[in-house]
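Each of the two complexes below includes subunit A, the first together with subunit B, the second together with subunit C.
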Partner chain A sequence: MEADTLIKSALLALPLAFLLLSFWPGRRALAWLAPALLLALLLHWVLPTGLLAYLVSFAVFASVFALLSLGLNVHWGYTGLFNIGIAGFFALGAFTSALFTTAMPSGALALYSQQAFGLGMPFLVGVLSAAILSGVVAFLVGLPTLRLREDYLAIATIGVAELIRLVFQNERWLANGPQPLRGIPRPLYCLTDGPSCDWLPTFLHPLFAGLEPRDYPYLYLVLVSAAVVLVYLALEKALRSPWGRVLRAIREDEVSAAMVGKNVFAFKLEAFVVGAMIMGIGGAFYAHFLVSIDYGHFIPLFGTFLIWVMLMLGGSGNNKGAILGAFVIWGVWTGTAFLTDTLTPFLAAISEDLPARSPYLRYLFISLVFMAILLYRPRGLLGEEKTVSQFMENAK
Partner chain B sequence: MLGARRWREQVGRLWARPWVPPLFLLFLVLLPILLAAQQGVSPDRLLSLVIWGTMLGSILALGAIGLTLVYGILRFANFAHGDLMTLGAYLALFMLTLLPQGPPLRPFSFSLEFLVALGLVFPLTGLAALLVDRFLYRPLRFRRAQPVVLAMAAFAAAFFVRSLIYLFWGPDFLFYYVGRPRPAMEVFGVLLRPDQLFILGLALLLVFLLYLLLEKTKLGKAMRATADNPDLARTCGIPTERVALWTWLLGGGLAGISGVMLGLDAQLRPEMGWFMLLPLFAAVILGGIGNPYGALAGAMVIGIAQQVSASFLNPAYAPGVAFVLMILVLLVRPQGIFGRPGG
Partner chain C sequence: MDAQGQPILEVVDLVKDFGGLRAVDGCRLEVRRGTITGLIGPNGAGKTTLFNLVTGFLRPDAGRVLFQGEDITGLPPHQVFRRGLARTFQIPREHRLMSVLENLMLVPPGQLGERFWNTWFRPGLVRAQEEAIRHRALEVLEFVELAQLQDEYAGNLSGGQRKLLELARVLMADPLLVLLDEPGAGVNPTLMRKLASRIEDLQGRGITFLIIEHDMDLVMRLCNPVIVMSEGRRLAEGPPEEIRRDPRVLEAYLGGQYVAFEG
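The block that comes next holds the complex of A and B.
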């Protein structure tokens, strides 16, 4: 067996182990590593290399969206907060992390690219700053609106999302808008490049020698899936804690929650901030994989609507559903791109303008899916699980 | 805590005085004007900005009145209202391709067939709004879905309508009459295009007709009563479903007309309605939800503020100006300037 297959399988084994773990949770999480490794080797053996590489980078994007969808689940699924400005926190996370981790452009590059600051910090600092800034903005948005009727929050979140996008579009000094902000560092990229990491002990170098720069998605999938698992576990814990129970009480009946002495406003604000922080983390992971981002990524359709469809399809109030929905809808979204390509001859027969506009067919399709979910299956694929407490795991 | 409560009571009593809400409205209009004057914008320019703002405000008002009626009568935030405006604008464009083209009605840039199209847009957009209601909102309403679920459905409908527009007309900017000159003329030192005067006049006429409808007809009274308190209205024997039907026809039609006006004033693009959504909601909230006259006043304030602020701010941030005014009102008076407590 070749060295690169082995290391790639080992890298793939980690996300697969996370997947197996979430379906069959057990006490010994590490026990899944061996079967996951076997499964990864099997995948390498069965699937053509190109297809597997495609699936890996597909999984990276779907995991990023899973993070966003988990964040929305805290807002809508747990607490019933109607946030339709996800794109704002998404963009904020992406640009913040990018600004914290890139180096200030110098020399000839400075003529073409401007940014407010470039701190050249490590990846994790970038992710953390993205989460913190998204949380702060959510706090400021929530403060005047969460005491009022529920749809005021929705209108305010639309406003904030539009405003954030406009700022990144028009303010050149901030993040090179409207041009893309380029050169966002990829974490652990040096492992695929030689490896050339100076922190890696020399005896480990042969381990990664088989990796090439184009295998980078394998590495990134480990990082982003670890983030998804951490957020998932934390949210599952929180849902079963007293805090999570209060959130669901507020969602079901705000007045009753207030009557038993809960500070409804404070809990809503906490939930809003926590969800926005997760969205910010999702944005950071999006930026570091894409390397170059601009305001156009954060239009309402892509940055907000798609994530709503993911959560509602998977089942709001269910974290597994949020992740499942992200994978399914991202599959539909990318799959329909192929479909419209094959449809091109037929569309050309109807009107000569249509083939160029076929990408909009997927917008149409996704919005129909969303309406169908609302009308015919409001609980989504998985629906909400009845969860009472972490101490009553089997109480049904 | 007692102090806070007494403070709130005092403030509530203050708002109940008849002269306070108009004064606050005046303050909101003067705020951007004073800011602009402080930045050294000349009075001449300010005057023309205010007049352009009034025109934008009258376009906004047509949309906002429909939105506030739907909001009050059907009790949910119709996030698809902006896209109904877009639909109306494109429907007019479609009808212009069908109708024979006449000579331009000087001094306006449009011809006779444009007025025919404008007349047809009203029922067609109203019908489109009604169709969305029949297939999407009504089933949810009958299931007694929460208002927020209806708002979500409206959000989906907005993207549905917009993707249809993208599909049929593409993403580019379009014009009703390509290459026709649109000269401006000077009216009392203010540069205005005749088209803009037409828009202003038509909007005022429609608002007046709407006033007659709401005040003098049985349907109008039923609508106001339902917007005020749907349960009480139903108890009094008002057929709320029929009121809902007329609300959609009227609100959708007005949105369509205001979309055409927006397209005539500038250009048509698929996101035009989405960009209007924030000013629309700002106007509705400013005036108090369910109050058509409040929406009219709110729309004027927002229109003027957006135009005047363009003299010292990047015009791209116009929606941001509406947003800031809305947050200001939410902080000071959440039920709207003309709203009642608990609204």
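The block that comes next holds the complex of A and C.
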């Protein structure tokens, strides 16, 4: 067996172990590593290298969307907050983390690339700052709107999301809009490049020697899946508790929740901020994988609508469902790219300029999926569970 | 004078306008501690609006509400509730997609687990509290005879069972004064008797009630005194048998033709 297969399998084993851990949490965390490693080796053996690499990269994107969908689940699934401006927090997270981690452009680069600041901070600082800034913005948006009827929050969120996108599109000094902000550092990238990390002890170098730069998604999948699992476990704890019970009560009937002494506004604000912070983290992970981002990624159809479909399909009110939905819909979304490619000759036969509009066909397909979900499976693949509090499970 | 006679709730010259309509017009009334006070009056007399004003769901345009001698005018509903003044709604407002048991477990104030970080850092304490609350919720469910439905979605209960659930929810917080808005509406006679006897039990435990009710049998059996509201004001107050014979009350209910008929 070759060295690179071994290290890649080891890297792949971690996300698989995370997955097993979060769906069957009863076992000790480390107990899943051995079966996960076997599974990873099996995958390497069965699947062609190219296909596996594609799947890994697919899983990275799906995991990013799983974070966004988990955030929306706090908003909509639990609290009934109608946030149709996910793209705003998504963009905010992406650009914030980018600005915190890139270095300020200098020399010739500074002539064509501008940004408000570039702190060159580590990746985790970027992610943290993305979460905090998204939370602060959510707090400021929620403060005036969460006391009002729910439609006002919808209007405010969609407005703020567009505002954020347009600011990043037009303000050159801020993040090089409308040109992409480039050179966002890839965490742990040095491991694939030699390895050339100066913090890595020399005796560990041979371990990663088999990795090439194109294998980077394997490394990133470890990071992003760890984020998904951490967020998932933290949310499960927080939501399947008296806190989540109040949130669900607010979703079901706000007035009635106030009648039994709950400060509805405070809980809604908490949920809004927590969900937005998770969305910001999702944005940060998106930016660091893509290396270069611009405003165009955060249009409402992509940055908001797609995530709603994910949550609806997976099961609103169910964190596992939020993750599952992200993977399934990201699969459908990428699948429609193949589909529209296949359809191109037929589209050209109908009208010459139709193939150029095929990207919009993809949204049409997603919309059809969305309607089918609402008609035939309104509770999603994994519906919400009846009991909210985890503390009641072993009471029976 | 013993605590029995002291007013627990005082409504002073309360006014509420909805546009051009004055729903509550300088209403002034008292509920004495330990009583089951009835609040009756024709439709549109302002009874439910009065409840909404007292419990903080609406802000009065003028006047004051005193609970246990303290001014609670304009406090938000959750703060009014935490002082021990609870209410039910005319149309029950249970949390439909939550189980009956969790509808009750929601209620107790000061739950540690309502701060989400406590479930991360102090899960043991939250668990202990959850178990105590669950125990209490089961007791209350026994009391209103809904225990066999504890795992049912609240939305699946019948109309009468929902009324009991409303009462049960309120009891989870050990209230001092409970405002019931038409507890008997849409409830079959058997369940109604059950409800009435539960209310009397609770009175025995020291809870004061103010009840809006249209079912006169229930009012006559349960309430003393009875307050009559008409056109946003207190019209009369007294023991039920007195109220029943009060010509002003009959006139308010039946309009002028009653007087003409009598005369």
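Definition applied: the second predicted complex is superposed on the first by the 391 of 396 C-alpha atoms of A that agree within 3 Å, B and C clash if a C-alpha of one lies under 4 Å from a C-alpha of the other, contacts with A are read in each partner's own complex, and residues count from 1 in each chain.
To be clear about the criterion, contacts are C-beta pairs under 8 Å (C-beta built on N, C-alpha and C of every residue); 3 or more make two chains touch, one makes a residue touch a chain.
Because the structure is a prediction, the values reported are computed rather than measured.
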Next on the checklist: Tell me the contact category for A:246 with respect to subunit B and subunit C: first, second, both or neither.
Outcome noted: second
Next on the checklist: Once chain A of both complexes is superposed, is A:263 in touch with subunit B (first), subunit C (second), both, or neither?
Outcome noted: second
Next on the checklist: So in the superposed three-chain picture, is A:371 touching just subunit B, just subunit C, both, or none of them (first/second/both/neither)?
Outcome noted: first
Checklist entry - Once the shared chain is lined up, is A:181 touching subunit B (first), subunit C (second), both, or neither of them? => result neither
Next on the checklist: On the A-aligned overlay, A:66 touches which partner chain: subunit B = first, subunit C = second, or both, or neither?
Outcome noted: neither
Checklist outcome for this item: The answer for subunit B against subunit A in the complex is residues 76-77, 79, 136, 139-140, 147-149, 151-153, 155-157, 159-160, 162-164, 166-167, 170-171, 274-275, 277-278, 281, 285, 314, 316-317, 319-320, 323, 326-327, 330-331, 334
Item to check | Complex contact set, residues of subunit C against subunit A | outcome: 55, 57, 76-78, 81-82, 86-87, 89, 93-99, 101-103, 105-107, 109, 111-117, 119-120, 123, 126-127, 130-131, 134, 151, 153, 169-170, 172-173
Checklist entry - What part of subunit A is in contact with subunit C in the complex they form? => result 234, 237-239, 241-243, 245-246, 248-249, 252-253, 255-264, 267, 270, 274, 384, 386-389, 391-392, 395
Item to check | subunit A to subunit B touching residues, read off their complex | outcome: 80, 82, 84, 144-145, 147-148, 150-152, 154-156, 158-160, 162-163, 166, 169-170, 300-301, 305, 308, 353-354, 356-357, 360-361, 363-364, 366-368, 370-371, 374-375, 378
